[in-house]
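Labels for the chains are A, B, C and D, by order of writing; each one numbers its residues from 1.
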Amino acid sequence: MSEGKLTGAKVAEHNSKDSCWVIVHGKAYDVTEFLPEHPGGQKIILKYAGKDATEEFEPIHPPDTLDKFLDQSKHLGPVDMATVEQEEKEFDPEEADRQERISRMPSLEACYNLMDFEAVARQVMKKTAWAYYSSGADDEITMRENHAAFHKIWFRPRILVDVEHIDMSTTMLGTKCSIPFYVTATALGKLGHPEGEVVLTKASHQHNVVQMIPTLASCSFDEILDAKQGDQVQWLQLYVNKDREITRKIVEHAEKRGCKGLFITVDAPQLGRREKDMRSKFSDPGSNVQSGGDNIDRSQGAARAISSFIDPALSWKDIPWFKSITNMPIVLKGVQCVEDVLRAVEAGCDGVVLSNHGGRQLETARSGIEVLAEVMPALRERGWEKRIEVFVDGGVRRATDIIKALCLGATGIGIGRPFLYAMSAYGLDGVDRAMQLLKDEMEMNMRLIGATSVAELNPSLIDTRGLLGGHSGVVPSDTLGLRAYDPLEAPRFNEKPKL
Amino acid sequence: MSEGKLTGAKVAEHNSKDSCWVIVHGKAYDVTEFLPEHPGGQKIILKYAGKDATEEFEPIHPPDTLDKFLDQSKHLGPVDMATVEQEEKEFDPEEADRQERISRMPSLEACYNLMDFEAVARQVMKKTAWAYYSSGADDEITMRENHAAFHKIWFRPRILVDVEHIDMSTTMLGTKCSIPFYVTATALGKLGHPEGEVVLTKASHQHNVVQMIPTLASCSFDEILDAKQGDQVQWLQLYVNKDREITRKIVEHAEKRGCKGLFITVDAPQLGRREKDMRSKFSDPGSNVQSGGDNIDRSQGAARAISSFIDPALSWKDIPWFKSITNMPIVLKGVQCVEDVLRAVEAGCDGVVLSNHGGRQLETARSGIEVLAEVMPALRERGWEKRIEVFVDGGVRRATDIIKALCLGATGIGIGRPFLYAMSAYGLDGVDRAMQLLKDEMEMNMRLIGATSVAELNPSLIDTRGLLGGHSGVVPSDTLGLRAYDPLEAPRFNEKPKL
Amino acid sequence: MSEGKLTGAKVAEHNSKDSCWVIVHGKAYDVTEFLPEHPGGQKIILKYAGKDATEEFEPIHPPDTLDKFLDQSKHLGPVDMATVEQEEKEFDPEEADRQERISRMPSLEACYNLMDFEAVARQVMKKTAWAYYSSGADDEITMRENHAAFHKIWFRPRILVDVEHIDMSTTMLGTKCSIPFYVTATALGKLGHPEGEVVLTKASHQHNVVQMIPTLASCSFDEILDAKQGDQVQWLQLYVNKDREITRKIVEHAEKRGCKGLFITVDAPQLGRREKDMRSKFSDPGSNVQSGGDNIDRSQGAARAISSFIDPALSWKDIPWFKSITNMPIVLKGVQCVEDVLRAVEAGCDGVVLSNHGGRQLETARSGIEVLAEVMPALRERGWEKRIEVFVDGGVRRATDIIKALCLGATGIGIGRPFLYAMSAYGLDGVDRAMQLLKDEMEMNMRLIGATSVAELNPSLIDTRGLLGGHSGVVPSDTLGLRAYDPLEAPRFNEKPKL
Amino acid sequence: MSEGKLTGAKVAEHNSKDSCWVIVHGKAYDVTEFLPEHPGGQKIILKYAGKDATEEFEPIHPPDTLDKFLDQSKHLGPVDMATVEQEEKEFDPEEADRQERISRMPSLEACYNLMDFEAVARQVMKKTAWAYYSSGADDEITMRENHAAFHKIWFRPRILVDVEHIDMSTTMLGTKCSIPFYVTATALGKLGHPEGEVVLTKASHQHNVVQMIPTLASCSFDEILDAKQGDQVQWLQLYVNKDREITRKIVEHAEKRGCKGLFITVDAPQLGRREKDMRSKFSDPGSNVQSGGDNIDRSQGAARAISSFIDPALSWKDIPWFKSITNMPIVLKGVQCVEDVLRAVEAGCDGVVLSNHGGRQLETARSGIEVLAEVMPALRERGWEKRIEVFVDGGVRRATDIIKALCLGATGIGIGRPFLYAMSAYGLDGVDRAMQLLKDEMEMNMRLIGATSVAELNPSLIDTRGLLGGHSGVVPSDTLGLRAYDPLEAPRFNEKPKL
């Protein structure tokens, strides 16, 4: 037995609700009193009572979690891991299949566009992680509409423009970026990759784009800041806590550490129901353990488990307070109609993100790009288009999507899931390639449209009539008629070779 | 042989048209003279002549049927069931498959939305029962359009509204309800569950919503009333009998027993052809044996068999008579264009239900929600929107559907089939969960839209442009071209693992 | 050897182009000189040179063909059929499969609508016959649009109308009919049934509807006339021959035999290419052998083979001549835009049929029902709606389709293929049931719409906005995105029963 | 060893980057110094270092390539091929499958329309060749829209027009053609057929249509010119070289050799990314080796490899220069909005081709036919419709497509891929039949529309409302609802024959 270390046997004695010890990263902790406060519920902790919980704990808690939320008196010190009984894992056929698929993964070079990363990630990610990232609200209609909406906008390119030199750089909230997209905030990065959000930090640096840091990150906020290089710029995405003091500390800390924008999420007074996520039976808590209580329904999936601290009472009245506590530009993330954009201007906000939260909140909410087409003419009509920066996210997969948003008048375009998928499947190299593919597409497409700089992109280059009719449907098919129809056939190949 | 009881052998002697006895619930009845009057035809009774018919009789006749329709002299008294020969049932592979599926049913907790109950019910219900509930008119285009129509309406949510406290209660016909939906009338509840409509009565009580009692219930009207608890409110749905005295008795009895609304069905002078139902070869009569005669075509499915008493001559001229016989509010159920809503106001009706009878009557009739969008502006234009309560039903599956109807101006939203499916698959617990899911969705979605009460829901929160173009179709596909097209592929996984 | 009869051996000697005899119905004919004149080509005759050709000849030639087109000197007299060598038929696996399917045909009672007959016919008809009936022009887009167009028109029914008594009779070209549809002309009835068009004659009589007799019938014109019963009314459909004297004789003969309407086909100066038909390798001639010549491409399918006599030079200048040779009302069949309807009025025509020839002629021609919506307002604007009767055909499968046309203002609705399919699958009983189903649907749907007679059907009962946008398409799908999407799933059934 | 010839062994010694010889058509060449200049990259050459490269070289280099680009001193003279070691080819299962399919190819007569050739070609072409021809930009939405757009335009045909004589000839850039389509320029003809573009030259002569000669042909320009017969007319498609002197020489040579039109491609400052092509791993260089350098990414597919010489700086300023160096009519190929057509008129161009490069360049660029509908009214409004000839290409598969373009006002219609597919599958006979099929369709459809000459085709004959709404989409489906729906079924056939 190693000196001064606890034995596995000793820890194993504390395997009940009455006395519950767990091992994390080789150290033991007494979590008996913490049990009822765990946002993810007691059940998942008790499963590991008296045992090593590292593997389960790791992906969804920032490393500073135990220091922050567990009194030092409960830190029991190192365990002689050699004495801890190894549990034999039950054979999981789904996991075995996944490992087999991973062994046959396509090479990164075979990914030619952002959808390709998603197609690969779907096969190689853990089921619960995939469900958390890929799910949307209700029937996921809005989630899919987000990308589909771009297909309602078509180009009116100009020819015979000298497009030898293309400059696709732009400026967002005072920061010069190499290309007008940014990495938008998405939760629980370690579900997809052991290093979590810092992978995105590194890729953002490589490509000189801005990263928006999520409140619900797997990495700690400071870890993500620490990963910043050179004059790299980051923004903070903020879920506002019911306890405004916690929020104040977060904001002030972010500004001190150099964040250049405060994006307040306004489309999530309550996090959405995502049935795919719920069905995947994921019930582990997220990392951002801001509040306690065990009265949340644990069967509601990851999204609900990690968001109980969010304040549904947040309102326009809070905006002046935010302006009083920070000098960072204030941007409302999740604005969904022109009325609220105009109000944001009047409230003195510096920007809005037209977004429906990746289709994860309100079903049949309109896509950001559709709202953008509604918003910009109203701003121009009032001469207000310079008073506020209008960002948009949701469904962006191609440089053509980015260009359409720019033609309408967007300042910057947020991209979330595609980089998560690239990261989950291929790590930093994946995100790097995803960004490079977008840049390649962007350069080419600007050439093909006949614009040499972002400033030259304007509404006359697009045809938006497809948005005018709203969301029309198609008459349900007459099954009997369709099935009785005998479709035409191409020439049939012979059954045997001709001689 | 038990004292004073008939023997099975004795009953079995009366096994022909000339002398036909049947056993129901351990008692024998002489139905010889009743045979030609049976609305479901003689054939189905003769199949059980001299035998125990309980299993066939039970699900589709209210318990008071024999007392009501068979003279006491034909009640032959108890049978010594030990002496009744047990028939061996023929092996039915479809039924065996169904039982096997039932043994593997998903747990109730796995149902996350109203469609889930339907998906389960489809697998575990008897084929004929499923066909009766799930079928619609002709090609079932209207039936499907009813839900699809909601997808043409999209949200324009407001942000930064304090939505901590959500009040989703409302008032319909003077009754305060916890949420603006009610259980609409649907026929033959015992096809789905042995207890029939009283299951819905109990669930409605648990959730403080109104139940509308159907004329064509499997339970007797009084059974459903008796199941009422506390100050629970029920309404009566009425098919008007050719014999108005029968109708008068029904209405007066309902009012006396406390019903708070009279919903006169006006979209069914003749019950629709539902081919799925007809094809399922269901030919048993319904419970509401109001009229006799055997001249109805038995191959027309359940709907036609049970509805021969309905009066196709019902007209606007009858409305004053209804107003003269009852003080209950009078609501026309099945109104389908603005002209008739205006006429209903003028006729002094208290409400209308914009409905196409669940897509079971007239094919390519418009959905209730589409008619609502036509009706409300016309009412508002005349300042009549307070003179009449406008209900709507058909295709409601999500709280977002309910909210869209409320935004347009509906007072209440009827839901039928989803609760039948929940009941058929999981009984009372199923209906309870279905209602709870709707409440959970409703609370969340009102938050996400930025409305704290039903009164705050208004047309500016929705985009209804998708309804403007009517019902456009898509050009039939060019099969040859589509098949010759070689679709893009995602990266292929390798055939063998990399080494 | 029977006295006075030819032997099979004798006939078999004449088995070449130089001397070609064939046996039909037990008689021999010398067709050597006729060979080059055969509209269906020499090849198919030479296949039977010296042999019994009855089975091949029968379905596609009217019985008077040989008398009409072969000089009496070539009629060689009866053959002793006992001496004719029986050819063993090659085993045809497709035909064997078809016979097996026929043995398992659903009973007629299982057909609940007109599509059902088509579904059965597709399985039990000979491939070439099915291809001839079911094929359309080019990609068959117009053929399918014909039915789909009805789904763009939705109902605005009226409630509380006394609909106990429904009168669906109407008058077309002076003839009272029981219901406002007629049997429109379709070619080659014997492909579907050995008795050919007279089956339709009998069914039309049973249901008191008008039959339009086709120029290209399998039965002779007089056979069809002879099958008429009582005061049954028939019309003549006319393809105009390059030789106007032939046309004059046909018209005069039809009028003399009591035809009550002359429908001149104007949408077929050349019969369409129908690739399904061509691909089925059908190359036999039709019955109406009006002209000779062998320069037609035999690989063009049945339609082209039988239509070489049609005059592509037919023009408005011919109308006065038609008026001069007959007192029958003159109706132009195949009018496709409002301009030509107005011109028809001015030319003194009694009617038009808005039709695209069942989608068999010009691809992406509009449906008759769409043209009707264009035509009627223009007629009413000029007060001309009584000056001409407007018929419509194409894609009618449901009584709702008929009612929509009547609401728009049509006088009568032609139905073709559905009756052919009913006849092909079930003979006269099939057509009888098809017509009865339409009547049942019609009665019910008029009740549900709130109209008691054809006269009450009017434009306010329908919503035609779906026609306003023309023929819009849908953006081609993004395959990669769709395939990467992971669709929602219903609750999964357990793999094993719960214990 | 044959006298004066090199031996295989000798050549095989030079099998490295330092000394690299290859054999082509029995002659050896020293390409050591050329290696870095090869547009297709060094790798593909080095694969054949010291070996016979004929089979690889042949399909994608014009025969004069070596003479043009390799100094005579590097031409090492004939090789005694008997001494060259034969490499055994590795068994390629995909190629074996293809050969098997070729052995069962449908006969040419089974192709009834242009799609049929595509369906056959897809099965019998080499994968890389198929990928190069069939691929489009990004998600290939525009590529498919090109054909689909024609389905948004429907006909309004006129009846009773004497259409016995149809004249479908027309005049383009002063040349009388038999029918208003031309063979548009497409690259790398030898991928599909060993003879390459001259096959199209021959077919164009047979049918009296114009051929546009591509810059990126597999055959040399002069070979294609040499194949011209009689007064056959050809045009030149031009990619403009960064080195204008090269361009000048090409233009002057073309004019001298009799080309009658100069089509300057303006929609391709950079050749598009075609992922299907890239995925097929095709990396061989095209024939038109105008510039060197090895800095192009070889994984970008054929399109990128062969186009590095194209000048992205080409602009309106270059037009006067072109007018100064040639008397050929100047046509801009790839114009995509009305503004640029008007500018082309003002710049003195003789024509424009409304085209998106077959959907191979900018994704969600509008189809040529849609742009045509935008352009012609603007030209007519200004009275400019005679000042410029408007051509259109993209997605043309049917004569109806051609006729729609003519009705809108097009002078001529370009067809590319369909002829490539016909050539690839069936050689000259295939192209011949494809053209004949179009002529047959054209003649028939003009009859059916009621137009006897191209001049009679006008906008009143078509309904273009389907284009007005832009590119609308459909709401994404609700998977759960759709899957829970139980579709209607046709009558079921019995399991066993009836007795």
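One rule holds in what follows: a residue touches a chain if its C-beta (ideal position, glycine included) is under 8 Å from a C-beta of that chain, and two chains touch if they have at least 3 such contacts.
In this text the structure is predicted, and so the values were computed from the model without any measurement.
In a homomeric contact, the two copies may use the same or different surfaces; for chain A and chain D, under half of the interface residue numbers are shared, pointing to different surfaces.
Simply put, chain B must spin 90° to overlay its Cα atoms on chain C, rounded in steps of 5. In this entry, B-C is the pair from A-C, B-C or B-D that repeats the interface of C-D, since more than half of their contact pairs coincide by residue number. Look at the CA centroids: the one farthest from the centroid of chain C belongs to A.
A separation of 42 Å divides the Cα centre of chain A from that of chain B. Mean C-alpha position of chain B lies 60 Å from that of chain D. Contacts with at least two other chains are made by residues 110, 112-113, 115-116, 119, 139-141, 144, 151-152, 275, 279, 466, 468-469, 471-475, 478-481, 483-484, 488-491 of chain A.
Within the complex formed with chain A, the chain D residues making contact are 100-101, 103-106, 110-112, 115-116, 119-120, 123, 138-139, 141, 266-270, 272-273, 275, 278-279, 299, 311-316, 318-319, 332, 334-337, 339-340, 361-366, 468-476, 478-481, 487-490. Contacts from chain D toward chain C in the complex involve residues 109-110, 112-113, 139-141, 144-145, 148-164, 398, 400, 440-441, 444-445, 447-449, 460, 463-469, 471-474, 479-480, 483-484, 490-498.
The touching residues of chain D, counted against chain B in their complex, run 113, 115-116, 118-119, 122, 130, 134, 139-140, 144, 147, 151-152, 275-276, 279, 397, 466, 474-475, 478, 480-481, 483-486, 488-489, 491.
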